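Labels run A, B and C following the written order; every chain starts at residue 1.
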Amino acid sequence: MAMLDVKNIHKSYDDNEILRGVSFTMEKEETKVIIGPSGTGKSTLLRCINQLSPPDAGEVWLDGEEITNPATNINKIREKIGFVFQDFNLFTHLTALRNVSIGLEKVKGMEKETARKRAMDELCRVGLDAQTKQYPAQLSGGQKQRVGIARALAMDPDIILFDEPTSALDPELIGDVLDVMKSLCGKVAMLVVTHEMGFARNVADEIIFMEGGVIVESGPPKEMFTNAKTQRAKEFLGRIGALYGGG
Amino acid sequence: MTTDFAQFFIDSSPDLINGLGYTLLLTFISIAAGFFLGILLALGRVYGNKIINGLCVGYIEIIRGTPLLVQLFIIYFGLPAIGIIFTPIQAALIGLSINSGAYQAEYLRGAIQSVEAGQMTAARSLGMNKLQSIRHVVLPQALRIAIPSWSNEFIYLLQYSSIAYIIQVTELTAEGKFIAAHTFRYLEIFTMIAIIYLVLTIVSSEIIDRIAKRLSIPGVGAAKGIGQRNT
Amino acid sequence: MRGPLALDTLVESLPQLMDGLKYTLGLTAFGIILGTSLGVLLAVGRSYGTRILSIIIMIYEKVIRGIPLLVLFFLIYFGLPQIGINFDAFTAAILGLGLRSSAYQAQIYRGAINSIPEGQINAAYALGMSKFKAIRYIILPQVLRLSIPGWSNEFTILLKDTSLAFGIGVIELMRQARYIQVRDPDLVLIVFLFIALIYFILVFSANKTLRYVEKRYQMAGYQSEVHR
């Protein structure tokens, strides 16, 4: 049984059908990268998985539990699904340290001091030992996003969903964030929506190419980059490969 | 019960209408007088020299730093001690106008400052003198911007004119108190009065809204003021 | 016959005025506590509650804001006993001040809630927080910080409005001043000027203190709205 099983997800906003039946599975500690043109529902898919936007139809199973079932306690489930936002969404009124520890304290019910220590460890892990007392507004974009990753990591999730984690960053800051993500590879399952083809090629176990609200093709990076079966995937990977320097 | 209430309402209405007349009189005269006072104060603050500016600030801060009731008491009960005597209605009109002037000055100043810089330079470079620039360029924009705050001020005066009751002006609240003292039907009469004020509040803010829309010019934004109380 | 500025007799009346001041401060403190707690609840209810709850709160706010404080006092103090609900004047005044302030404060908090990006609550949900926890630990701390300037305005309004409790016989500053005036008519002008001074000092120091608090709790990078 797969750790994460996404079955036939449909989602519309108003009359606009964003997702038209998306299915895939993920195993423990696997890394999958979702690529595709803008507006194909990649971010929506992530939000459907952790139920920030519940899907209109379809099921999501995590560890054998159907989380799309309204009877499931979604807060319990979300503890196990980390989420890293494109625009960081760090809590404005909290320091970097408190941003990481607040979930431990208020959701996991950890002692304040234990939570603080754990948060400290996570911030060290993403290379921010010196910034623990800074407020989000005092951090650079790359630092903010690393706090965002630390915040997700601290909860000991089974899987972390990354929603274009580097899209809002200045080019020179992207590297730090990608390095942190690379270092997590094989330690926690990661589902990453990104345009960073280098990352996709070098890190992913599988690449999922989405367009028009469906998965057009998926496969190991090597195959996808050199030998995509569908014309659309070939075109897209060729174009974006040229755009981003091919990785 | 309902017919009884209706009958009571009909019986009370001449007195209430009488009181309502005074309430509206207080509101309209004070908002107008306060407006002229406010414009003078605001212009004094923006364009006046140090001394004028200081005097205006002092006036505004003192009035806004003390309750309206204290001001009314000083005018009505206090001033006779030095030989200045007003009737209740005079005292109320003076007090409300003085009070409103200080509040209106503050948001008019805000509005003037929000259009002042570039517009003033442009007007002066056309050859207008300072007074003409203020009169023809700055104020027409500033007054429009101030309308939402002005709407709040109107409602503030409408409601706070009820305080005049305490210095024996027979406005709406006073009439209500008078009727209640004779009939012992406090709940009914004050509910009626509350409804009258509520309707006046809603209707007047609606009317001012429409006026604001009629007068609006694309690009001359109205300051946000809805819901903000005067302080 | 003394002159209008009889300072020595004013000094004799000081204890009486200080007694009144206690009530003025008491009304302010209890009134603002009621107004703030209720105002926060109303704002949260209106923003996060069901449609029906939010409509009820909207009507409450509109109605309360449409009634003069003095009339509200009369309704509570004179009107409610008619249906068997009795309050002493002090309690009635606190209720009136608190209810009215809550309707205005609710708007301040709602404005602040609306200004907080949706990402904040999404991030809280993503961590596994319930709606309650997200509001309690993520939204409200930000809302309250952003609301300090508006709250300061409300505080000084309420402080000044306590003078209207005079109208239902609370023995606060104004009432004590009237007592002194009736007993000693010569003192009238100086007493009321003195009362004005007390209020002015209270309002002034409240403003200064609150502006300090506002700076102290400002979130980095979050400029709270300018004072009006």
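Observations on the structure shown:
The rule we apply is simple: a contact is a pair of C-beta atoms (placed from the backbone, for glycine too) under 8 Å apart; a residue touches a chain by one contact, two chains touch by 3 or more.
What you are looking at is a predicted structure, and each value in this text was computed from that prediction instead of being measured.
Using CA-based centroids throughout, the chain positioned farthest away from subunit A is B. Measuring from the average of all protein CA coordinates, the nearest chain centre is that of C.
We define each chain's centre as the mean of its Cα atoms; on that basis subunit A and subunit C are separated by 46 Å. Averaging Cα coordinates per chain places subunit A and subunit B 56 Å apart. We define each chain's centre as the mean of its Cα atoms; on that basis subunit B and subunit C are separated by 21 Å. Those residues of subunit C that touch subunit A in the shared complex are 116-117, 119-120, 122-130, 133, 137-138, 141-142, 145, 219-222. Listing the residues of subunit C that touch subunit B in their complex gives 4, 62-63, 65-72, 74-75, 78-83, 104, 107, 111, 150, 153-154, 156-157, 160-164, 166-167, 174, 177-178, 181, 185-186, 188-189, 192-193, 195-196, 199-200, 203-204, 228. Of all residues in subunit A, only 50, 52, 75-83, 85, 87-93, 102-103, 106-107, 134-138, 151-152, 155 touch subunit C in the complex they form. Interface residues of subunit B, counted against subunit C in their complex, comprise 61-62, 64-71, 73-74, 77-82, 106-107, 110, 159-160, 162-163, 165-166, 173, 176-177, 180, 185-187, 190-191, 193-194, 197-199, 201-202, 227-231.
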